[in-house]
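Read from first to last, the chains carry the letters A, B, C, D, E and F; within each, the first residue is number 1.
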């Protein structure tokens, strides 16, 4: 039976043989108690990530040795369950040529439509009228090499927005929330523009902090320096290239980027010191937390209980009824 | 010189004699070192609250003994400064008849227009279609005796929305922010309606927790039980009056009210356990914090420094330029 | 060899075949590496809870599919050990009819004698002389449908008093400790009576928060609302049914229930604001902590080490000598 | 008008001249703005402590220079009020001979009867049957030089039991609470005896940590080493003098003393590691907290508000009605 | 009587008239109760900072209006005491020409000899052999315009090293401590060199964060961005100017600067992620804390008590004997 | 193939048969799913600690039953890997006579040369000139029975200095760091001597808190009382044996020992109250943390990643490049 997406595999498939196309994201060779080699894999497609095992490692050793992480494969296997979690016992595996499959189809992707997201960016950009602020966005967002990364990177390594276009979607959410607050609370035009600029740029350096998909995880500079420092650093350098950039706007935009985690213990080296910066911080948490809960509840949909497990970053379980 | 509003008194009036109409909110008789009685007053109008002193207490003892807190007076006094803060040395003081002045003119009031706020309430109410949810709002908000209080009470004792119509303004802010998130994150219609209901009701019991303006401060049940318990308690009793109120909606709405402070250490006895409840919590903080900063910055406008003093509930100073 | 109680199984039984009667409290079907189904069970009787496995699931599939949680079974199995913990490998299993066994014999039960506990309740009830307080206890404790649940429910899901009659035993402990403090510190008769009433009622809503034994775990409203809110809510409604209930007693009793966890971060939405409420809080912790340690030390008796493992809720190990 | 006790002075005495006998506990010479010396005093008797001022310092300089702290004086003065707190403006002051007044009458004292407290000590001592434990109490409590201090020292510098016989009263409270728990929870006789011994000794070193009344405050070793270390140190040395002192009892008693503050952050270098030690800890907090609240509420009785001010060590205000 | 240094003024001068030369660092005009203007000043010299008052403000209004902060004056005044703290009542005041006094003599200054401190810098610089690391120090420390500031700025606004040459002295202390650890723990030559570079640069941006002495306090960018961000930002830009700067050294040096506060809650946006960075962090605290205690104990020397007051940043009092 | 040290075993040995001599530090008999006994061992030598398994337990049961923990064995086994960690499958095992092997060769040992460490001790001892302080060191360090333990005990159970001579090495590190600070900050000779004495003695009671190697773990008094109390207790008793021991030195040295963990929450019952005590605290953390990181990075050397795993006591990962 061919399965279109990993998400479709359910308890009803247990003990059945299925076929899927997926990307191998991790693999480890191990030894059974009787000293026979086998291999543990993690495979994913755009819909889900699951564990797989192949006991006949030795027969397929040549294949596995040439296999790279993040490569597409076609698998035939038997569905099993270990500690309540579905996994696959591989019976047959073969490579899929890049020409046969768009590798992006195997990476989790935002379910927001990409073109409308790009229009969203434009919409908020158009609200910025002050030349030096506009120029800053031109340089950091709307130049080809940045734009492409900005529109494709994830915004987190796990929990929320950790998918293709994740950064873009997150920034749009932040812009929407921040904009609603700004108009409700009658911020001045200049405050509004700075808030838009800060929202665009607050997580900009995630394109330096994370590896490019399909690779995941932190870059070396990501772990050593973090996106908060790198984002403010790059922004300051771009600002310095702009003639007559207002010096107060400079301090406010940089403080907004540095302070967007809201508290020192969350990694901001200074606190938000303007009303714009505080709005940005709350809009950022709002976006991250709500996406966390929604995506976690989707993952837990299959299980029977009334409540999800505890979501570690929120510290509680969620109610699935209603 | 007659001064229209206390806010107009500035350092330039130091040593000048002025006249104002204000409300006395607090008074204390004291002794000078030479054992002479004098009186310390706090006076306010809609624009500001300041300290005043009268050294000739003994001459006016009859007047002061009959004076009540929250009564309007006409004062002639000399402007002075103590530790950088303006105060008034009273030379003459007399009562103002209730017929001559609208006491509400002396109470700080929301600068949002009352009729448009009421329209705002209606706007969000109209989005609720489910009969039992609609009925709950009818009972708790849109009945005369509740509606009047709901539209006039403050939402806090100090720091933010601590003024006439404060609760109404705060609830509208929360509704706007929550609604933006709900539509952005594509909540179901039922989730959206519950979120609107929870936003309406989360601080409802502030009308039991605080005294009615011009009195300020907590009621006894406010201090002993708190608005979180009382709000959920009243809501549950109203729900029980409604036939066929959906039992899952009941749990979700009550959890939203109980959990709206977001963490146990902030006084919520349970954590938010739905995506609606988490949105409500963030919208509530967003509203409170941003209003805190804006109103604090307005208070600090007169001072010369580049930064405000530290705002105690936010733990930082704010940048006044830009 | 027939074993009377699970607690009697010791390391000396390893590799021996035994027979026991127990209740199945949880079961999960799993797959071996060679894709054969087996089943993991948790079984218990009044004395203990242990893990069991049955490798011959497939042969007994019909039996297991009809088995319900919390049903009594007779097991023949071999004692083994996994990571230092005894477990049972089931060789044979069959149902036990309800007529043959009192299911309550398989549920952990307070080792305090039930009749003397009920006398204890009466003893403290008799100390309450004020009519409206007496009436509150009559309504909430001494009416048949409440009394039965109040006398049989557990007071916790794990750690302490998580057994049949657990709530009753816990309330009696709290009453004893609180009463000693009240008389030592010469509380007034009214304070004493309120303290007794608050002690009776502080955990009353555990009968709504937990499922009824032999089922364990939280009800939906237990997780969503918690016993602190529900207890105060129900108490306030019962109070409102009583004519001329003193309004200060009302606030004090409700604050005592709301505040009995002692700190906001432990789930009390308000702090204890009377000396009675503070006594109740300390008596409650005293009861919970001491029972935790004693029952944990009993569990750990079999192990050879001088110290127990770390008891998670207390954060330390205990000395088993002396 | 002669006033028997400072506690009797009320707002009704404002501006009247009164006479009292009191002890001077602190004094400071200051300068007025016109460079005239005056003196600030703190005076107390058994009932209360208040501030006093004498503007005619220079005329009485000889008297004041010879005056020592903790000396009795007779004062004639005018009652005033500063920031809501009563104080005395001294018009006349003279020394009182030690022969004319029992200095202890001017020190706050337990309102428990001393002889019955001593009987209480004996009562619990008699429950200890094991010779080596009995001998430890003989050496540390029931030898004349220790007994006298143990029965007269305060148990704290402020907040609770900070009065004559305070340590004795506190230890009795702890013994009563601990004993109730021990019998309720059916501790073994040996556990019970150890708990009694630990309760007797846990604060023993307060007689080294504080100065002897009427002096107040810490000794140098009190500040540098603390009563927890000193108490365990002295106990261990006394234990080592006793032949055949059981080695497990030794560890348990010492751990009980070291651990009686319950958490590292409260100054216990190790956690309680027996059920006895945990009971002691809770009994100790119970005694301290309840006495804090009661004595604070007594102090605040005179004020008109419904709630007390915030009691700093408890972090909340208390309800004065009911 | 002419007083050479403010530190020499003691309680023995109370009521005497003295003369001093000092710098005015702050002044505020106030009103007496009888509406007469007077002025409060803070004056300092290299030895101390004290309060002064002048009641005859009105007579000297012209002089005071022209007086600037941080200007030298000659004062004749009477020594007084307020709440145990010495202050000066100014009788006469006049300006001192800049030609008559070296203004630096009136600023608190390191008691380390400047030339030997500069030699110390050179000593550690000479240990760095790797060209790109050497070049980084050349650019950031050993160029005239940086060198001068680096050698004269304070390292803190209060508590420790808040004096002329304070940054220089602090950096030398850190270098000494770090170097001892590095050699003891046998760091590689490359680790040692990086540690030296990081020690030199960790607080470099204090020359941007603070105003230049005799002015004190933060610059705008100091408050908005902080020295941690600015230091890492500037370092990265200087590194980018150096050809072939090793990319791992780059990450390690920057992480060292960003991480030198050791914990997120102390303002480091990332944790120290190398052994060098952790040594730097501890050496930095060691230097700050020990200087805090020593300078605080010096300030408290005059007072009679056995213990100092509580030092706020350390949370405890210190023992003055021994 | 004979392997000299366990550290030499690498991934390249997987599936090969090797021979090693090692010490068995822990063993547990278990059951396979087919109810066959096997044994899990932990073995170590001076270089490393690894897991081993023997499936043929039953054949070798006599040998294993007579085997004691901490006994030397010669093992022939096959190298395998489990979850990325190397382990050994034992094929043959036999005892090694004590005469054939120095058991100390199998215990992890400081890589500092023992004779030079002893010279280091002498070097710092010689700096103490004050007779009573010198005598204290003579009694507590330089008497044969203490000296031997002091020079051989570990300073921790895990993480840092948890090896043969670990205490000695740690104390020398602390002495070096503290001495550098003391001379840099120009402490008086008396302060310096006290600091040396406190550094020598601060962890002295680890020889009572830990078991003697090759045994590991806490003694009973170690867990119940802790080295902080025991160290101060023993020191005070030794001080009391010394005639004319200065009473201020006594308090300062004891406070230094009691306070060396720096904060109450880390187990110090009092805070450091002298500059010496604060230096000691920082030197102690410096030594512990840096050794933790270095030894952890050595353990993680073999793995391929750029960063280590998270080091639990430091809360972060470390960068392995550079």
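Quick note on the criterion: a residue touches a chain if its C-beta (ideal position, glycine included) is under 8 Å from a C-beta of that chain, and two chains touch if they have at least 3 such contacts.
Which chain is which protein? Per UniProt: A, B, C, D, E, F = 3'-5' exoribonuclease.
Only a predicted model underlies this, so the values are computations on that prediction, with no experimental measurement involved.
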**Item:** Minimal step count in the chain contact network, subunit B (3'-5' exoribonuclease) to subunit F (3'-5' exoribonuclease)
**Value:** 2
**Prompt:** Which chain's mean C-alpha position is the greatest distance from subunit E (3'-5' exoribonuclease)'s?
**Reply:** C
**Greatest separation from subunit A (3'-5' exoribonuclease) - chain, by CA centre** = D
**Request:** Please compute the C-alpha centroid of subunit B (3'-5' exoribonuclease), do the same for subunit D (3'-5' exoribonuclease), then give the distance between them in whole Å.
**Result:** 43
**Distance between the centres, which are taken as Cα means, of subunit B (3'-5' exoribonuclease) and subunit A (3'-5' exoribonuclease), whole angstrom** = 40
**Prompt:** Counting in whole Å, what is the centre-to-centre distance of subunit C (3'-5' exoribonuclease) and subunit E (3'-5' exoribonuclease), each centre being its mean C-alpha position?
**Reply:** 60
**Complete:** The positions of subunit B (3'-5' exoribonuclease) in contact with two or more other chains are 220, 223-224, 251-252, 255, 273, 307, 317, 319, 321
**Request:** Considering only which chains touch which, label the overall pattern as line, ring, star, complete or other.
**Result:** other
**Complete:** Chain pairs satisfying touch are A-B, A-C, A-E, A-F, B-C, B-D, B-E, C-D, C-F, D-E, D-F, E-F
**Asked** Any idea which subunit C (3'-5' exoribonuclease) residues touch subunit D (3'-5' exoribonuclease) in the complex?
**Response** 173, 176-177, 180-181, 184-185, 190-191, 194, 248-249, 251-252, 255, 271-275, 278-279, 282-283, 285-286, 289-291, 293-294, 297, 307, 314-319, 321-322
**Prompt:** So in the complex, which bits of subunit F (3'-5' exoribonuclease) are touching subunit A (3'-5' exoribonuclease)?
**Reply:** 14-15, 55, 78, 80-84, 89, 306-307, 317, 319, 321
**Fill in**
As the complex stands, subunit F (3'-5' exoribonuclease) meets subunit D (3'-5' exoribonuclease) at residues 220-221, 223-226, 228-229, 232-233, 236-237, 251-252, 254-255, 258, 264-270, 273
**Prompt:** What does subunit E (3'-5' exoribonuclease) use to touch subunit B (3'-5' exoribonuclease) in their complex?
**Reply:** 28-31, 33, 35, 220, 223-224
